[in-house]
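Take a look at the following structure, please.
We just call them A, B, C, D, E and F in the order they show up, numbering each chain from 1.
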Amino acid sequence: MPHTSLHRTPMQGPAQILTDISDGIGTITLHHEAKRNALSEHMVQEMIQAFDQFKQADVRVAILRALPGIKVWSAGHDVTELPAGGHDPLSWQDSLRTLIREVEVFPGPVIALIEGGVWGGACELVFACDMVVATPEATFAATPAKLGVPYNVTGLLTFLNVAPPHIAKELLFTGRPMTAARLERQGVINGVVPAEHIGAHVFEMARTIAQNAPLAVSVMKEQLRILAGANAVSPGDFERIQSLRRVVYNSQDYAEGIQAFKEKRLPHYHGE
Amino acid sequence: MPHTSLHRTPMQGPAQILTDISDGIGTITLHHEAKRNALSEHMVQEMIQAFDQFKQADVRVAILRALPGIKVWSAGHDVTELPAGGHDPLSWQDSLRTLIREVEVFPGPVIALIEGGVWGGACELVFACDMVVATPEATFAATPAKLGVPYNVTGLLTFLNVAPPHIAKELLFTGRPMTAARLERQGVINGVVPAEHIGAHVFEMARTIAQNAPLAVSVMKEQLRILAGANAVSPGDFERIQSLRRVVYNSQDYAEGIQAFKEKRLPHYHGE
Amino acid sequence: MPHTSLHRTPMQGPAQILTDISDGIGTITLHHEAKRNALSEHMVQEMIQAFDQFKQADVRVAILRALPGIKVWSAGHDVTELPAGGHDPLSWQDSLRTLIREVEVFPGPVIALIEGGVWGGACELVFACDMVVATPEATFAATPAKLGVPYNVTGLLTFLNVAPPHIAKELLFTGRPMTAARLERQGVINGVVPAEHIGAHVFEMARTIAQNAPLAVSVMKEQLRILAGANAVSPGDFERIQSLRRVVYNSQDYAEGIQAFKEKRLPHYHGE
Amino acid sequence: MPHTSLHRTPMQGPAQILTDISDGIGTITLHHEAKRNALSEHMVQEMIQAFDQFKQADVRVAILRALPGIKVWSAGHDVTELPAGGHDPLSWQDSLRTLIREVEVFPGPVIALIEGGVWGGACELVFACDMVVATPEATFAATPAKLGVPYNVTGLLTFLNVAPPHIAKELLFTGRPMTAARLERQGVINGVVPAEHIGAHVFEMARTIAQNAPLAVSVMKEQLRILAGANAVSPGDFERIQSLRRVVYNSQDYAEGIQAFKEKRLPHYHGE
Amino acid sequence: MPHTSLHRTPMQGPAQILTDISDGIGTITLHHEAKRNALSEHMVQEMIQAFDQFKQADVRVAILRALPGIKVWSAGHDVTELPAGGHDPLSWQDSLRTLIREVEVFPGPVIALIEGGVWGGACELVFACDMVVATPEATFAATPAKLGVPYNVTGLLTFLNVAPPHIAKELLFTGRPMTAARLERQGVINGVVPAEHIGAHVFEMARTIAQNAPLAVSVMKEQLRILAGANAVSPGDFERIQSLRRVVYNSQDYAEGIQAFKEKRLPHYHGE
Amino acid sequence: MPHTSLHRTPMQGPAQILTDISDGIGTITLHHEAKRNALSEHMVQEMIQAFDQFKQADVRVAILRALPGIKVWSAGHDVTELPAGGHDPLSWQDSLRTLIREVEVFPGPVIALIEGGVWGGACELVFACDMVVATPEATFAATPAKLGVPYNVTGLLTFLNVAPPHIAKELLFTGRPMTAARLERQGVINGVVPAEHIGAHVFEMARTIAQNAPLAVSVMKEQLRILAGANAVSPGDFERIQSLRRVVYNSQDYAEGIQAFKEKRLPHYHGE
């Protein structure tokens, strides 16, 4: 990254992200290492503010990254913020969902720059970016099945849109981390670049885009968003799915998954 | 596979499959080598029974395989069971279609473990599984164009859902076998593992899934199934397609294709 | 290519393509090197005539190629034919769109054989073919963002149908050339073959298909076409998109992009 | 009704419906006047049993009615069974929804014979029948807006499918009863017949249908069901709607509506 | 009708229709009273020729009628032309389906002028016209359930598009004739006019349209056609429906219905 | 109307509407009789401001009306504001389209109260309201075919959503006025009430709705809006339609229609 000073976004409580604008390129750096950059309500609000600030500053391309050399890019949902059983943990107002919509409607491309592990909801956030570049050591793990959380339909659609179905299912059903190299080979991510070069590489990619015609780029992004969301589902199917998801978040396993996570032990599931 | 004894499913006539349940993982082993594991009406009925048995036994993950060391995993449709010209060879009640729906709605993931050649309808069956792991020697050939059979829409959708369109077309239009290595590179299958390790590898994958929350896995599978089938076609387009398919199965070429197969010679087509 | 003589298609003005039929395989060779095989109105009309001629001659497979050893396979739209600002540059009657529909409804598979650079609209034309084989030196660049042209929805759907979304976005947002090797790895193209062998390789592929049952191949191609176009968009979304595109082709940047191209200089955009 | 004896369906607790089969025509008579035939869990279970019994007895047409001369055909949901705030009152497993699906998939037509008032959920049940005949005194009132209940999407689709949108909105937004004469004029119901003749009239209509080819009738009903449910909604829109509905059933107004109903007073709403 | 001379369309065998063009308005008069204007293959071919002739003559509006004073406007399908059991009686190439598509894509509005009875397939043909005007004595009967014929999806969509679902079901399930007055009241037809005035009334309506801007009318008709056919059905649902229809046309009841019709007796159905 | 004083909305230039809020009910009264309440850019902006003001004032129901006793409720588009040929006259940013979206997303129901003639674009505006009540003398005329204007898809969808297709086509193809009585009979409008009572009648209807639970009403309106817009059109069909519409607004007839209107003479069309 050719620009060294990182500025704090003013907000109540200590900031959890850093932002920077340079050459028409806005950078958001996750900076809450104590919580492994978990996507807390607070951090998400800061990111939304940052995207607003970028829009006002006519930013053409945004980069989403963590600090260089980090071990965990983001641990995903702040599990302590998930509701206890009986309520949908992933509704439309959920902070992750709100952030993902923000990324999708930001008028310029958003590039994710990944070092370290990307877990759970952070995995969907990264896949929802327009492009993804990672270091060879980066890994991606989709963990709802590990936690017992019933993922929502638009969330699964993010996975299905960027990954071949067999690969998406392996990610989602095993919950095991997948390497950057494997995901690049299958077109899920755009490139694998060593840590020492990745900042310059992504910035160069952003600069190329920023020199293109911004309106043309912006309308293409919006057209692709509409096409990607055009999997039409009948109301009957959708209500049935919601009902199946409700069984899950009312189940003992759901409570066990969250409890186990908080107690830092393996969950023990019975399918009930 | 860590469990050695394989049990026969009780049924009239000699069984064509073996089934086994261990550690919450059910295994179906195709075992009708005399007919190269062709997907006969009889074998399909046994498989459907096995899936029912798995559901009652709370099986969390199913594995679909053939005997180790086999040359042909399955030859696909039993061509002798296809109707002569004048009737749709691939209707909703066709045994292959029924089996594929069974795989799709089975409440846990189904992993295909592939050694040897996978031909014709068996190719669709394998692609309809949730994950696929193969040995380096495995090959996949989609043969309807070779036989002159007009594939049906949901069948083609299975190919289009798991393979990039240019690759799906190469498979379907040439009918030539494609290697496991190539399909893995393009995200169509999940892994290539040498024959000596593949059993343990797949069983380990299944065990990982079986330890996750079963309800969460199950509802995600169902959501992905709905999304994958959501290619909405207008009634007008569909009836036109049915009509084009009818031209094919009423053609001389269709009769020639089946005849040539039975006489073990190359067909000679005129496009009529 | 086993057949050496290339015949000119009779038409007013010097022909811009060569055509040939042999063994039930029709070949169209772009042959307007002076204009880097730009897809002019004239060339497109010749290609449409050639496809008609192929249909009458019961051609089973078509090959679309340029002369061996060429540096630019096709430069895409003839920019001098694009309308000045204020009118949609990519409407349904646009010659490129007409040609692409012709490729999609041609009753047999169309294989693109690529040497050299493929730019802009030519990139979509090649991706709209049923299969693509390229030499290691071939590159593919989608340039609307460079020119400031708002691409249309069916055009973007061609990209989204054949490439993983993150890769499609990289192509479209950066406008930079992507290598054949990278596109093959991600399933966008079918093979990379050295220049000296590519002719024979593609002809062999075509011959394999031509020996299969033509009606079965033809109806599968049509079914896949219907399924690939089945991304249903609501009229409201569509009219909003048209309106966004109109903003683009009425913008100063659009005029600047075309002007800069004609003056062979880099455009300078302001997002207005 | 030409057949006078009505038989009780055996079940635990006093039966709330009567059933009868004669001439291939099954009749369900709501018979829980003490509760104004509210669609309690218990009554719905009995009706589902009755439809099962009809299927086993090869019933060709079903009639759904109340006792002759009744003032309230059905008061709709048993409001005391609705959940207090915080949970979706109209989920897929809701007894009304289950019953409506039962009516929709019953293999023969279901004719509603209406005397008296039809309120709330009963209004949707009647509209979901295949045909509706009413006495001149019958009235229909859709009351979710009066109670403050957020109706679900498939429920609203039932209204939108059978009534012109402006009429459906008047029913749903005002909550006021609409007369049979008005609904007949606009094609929402099939006929208005004086109380003394309505039984014979409906039975004659049923007999006409019962003499037609049962398989042809049955498959047409199923085709029309599929077409009527084919309003495809994008996952994003659906999740947003679910979220809006959640705001409603978490609101003070929702609690007030149910409370007021139980206290038999007018509710007082604040839009919060 | 202000124009008295009716010209025969030249064709092999005695003509079954009369055609006339005057003031930019083309009139097709069914004229095969011996067969009650049954929609035979021959008559349909003549009608398609007439529409072609109208297009070449820049006809702005077409009128479809029978001779004044006739008792049966059209008896619908020529039942003797329906296939015996085992083959789909209503495929895409069926002459009725072809004619209906011709009416739908004719560039100007088609007005049906109805005196007498309209039966079976003729009922769909009339509903597929853009407007319908009838005498008070006219009646409409949809008879597939009487004959045991499984109607196809686009055919049912024609009914569902023009009639409220409860009315469409009454028509289709009872097979009984419905009066013009009732259909006018519910918006299915546009007007009821006494026999002595109907010719002048319809011609005046046609003249009003013919004086409007033809291109604007034509594109609106096409837009409405697209919107009316936009009930998207998933491939899985469609193939299931085809399979249910196949059960019907393979049934004993189907054969019995056609046999009874030919023997001019009531059919006797068993649901098998 | 129980409230007598009407307040002017502050805005530059003389106000063209009056607004009033009373009992939670907001009323907009068109008041530009000199231009027959044509929907000018200026009037539309005032109406949008009024809806904003209503939202801030927690208005539960809006009434849209003209002054009592008026002869022309609204003449529709201000034809002098339509673009000359060569540009789409009905794009997404068109003031009528913007206003209609405003009506559709206003959180409470909007009731149109109609006296006098409703012409052209005003006809769509009225149909886009949630309910419509008219005096016996009111008439409705859809005039694009008279003017030669190619209507847009969402505009036609408004007609198709509220009127039976045969009636919608009669309105659109003839351009002739239809009476309130006829439209009420077919469910297109909600009631016909004599001029002396209509104000009180509509206000009473609004008050009934305003006493219901506002959140429940609001979410039902939004759900119905989504369902009504869910006619999914494929990108290919849409672009073809746009292209057909372009032919129309580039035609001589289009210019002639606008010219004739300005010169207050009948247009003379040639279909070119």
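Quick note on the criterion: a residue touches a chain if its C-beta (ideal position, glycine included) is under 8 Å from a C-beta of that chain, and two chains touch if they have at least 3 such contacts.
According to UniProt, the chain labels map to these proteins: A, B, C, D, E, F = Methylmalonyl-CoA decarboxylase.
Please read these numbers as outputs of a predicted model, since none were measured by experiment.
Undergrad: Angle of the rotation mapping subunit E onto its copy subunit F, from a C-alpha fit, rounded to a multiple of 5 degrees, please.
TA: Superposing subunit E on subunit F takes a rotation of 120 degrees, nearest 5.
Undergrad: If you match contact pairs by residue number, which of B-E, A-D or A-C shares over half of them with B-C?
TA: A-C
Undergrad: In whole angstrom, what separates the CA-based centres of subunit A and subunit B?
TA: The separation of the two C-alpha centroids amounts to 34 Å.
Undergrad: Roughly how far is subunit C from subunit F, going centre to centre by Cα mean, in whole Å?
TA: Each chain reduced to its C-alpha mean, subunit C and subunit F end up 44 Å apart.
Undergrad: How far is the middle of subunit A from the middle of subunit E, if each middle is the mean of its Cα atoms, in Å?
TA: The mean C-alpha positions of subunit A and subunit E differ by 55 Å.
Undergrad: Got the subunit B residues that touch at least 2 other chains?
TA: In subunit B, 153, 157, 163-164, 185-188, 227, 230-235 touch at least two other chains.
Undergrad: Which residues of subunit D touch subunit E in their complex?
TA: 58, 60, 109, 130-132, 161-164, 185-190, 205, 208-209, 211-224, 226-228, 230, 232
Undergrad: Would you mind writing out the residues of subunit F in touch with subunit E in their complex?
TA: 144-151, 153, 156-157, 160, 163-170, 172-176, 185-188, 231-233, 237, 241, 244-245, 247-248, 251, 253-254, 257, 266-267, 269, 271-272
Undergrad: Which residues of subunit B touch subunit E in their complex?
TA: It is residues 86-88, 91-93, 97, 152-154, 157, 229-236, 238-240, 242-243, 246 of subunit B that touch subunit E.
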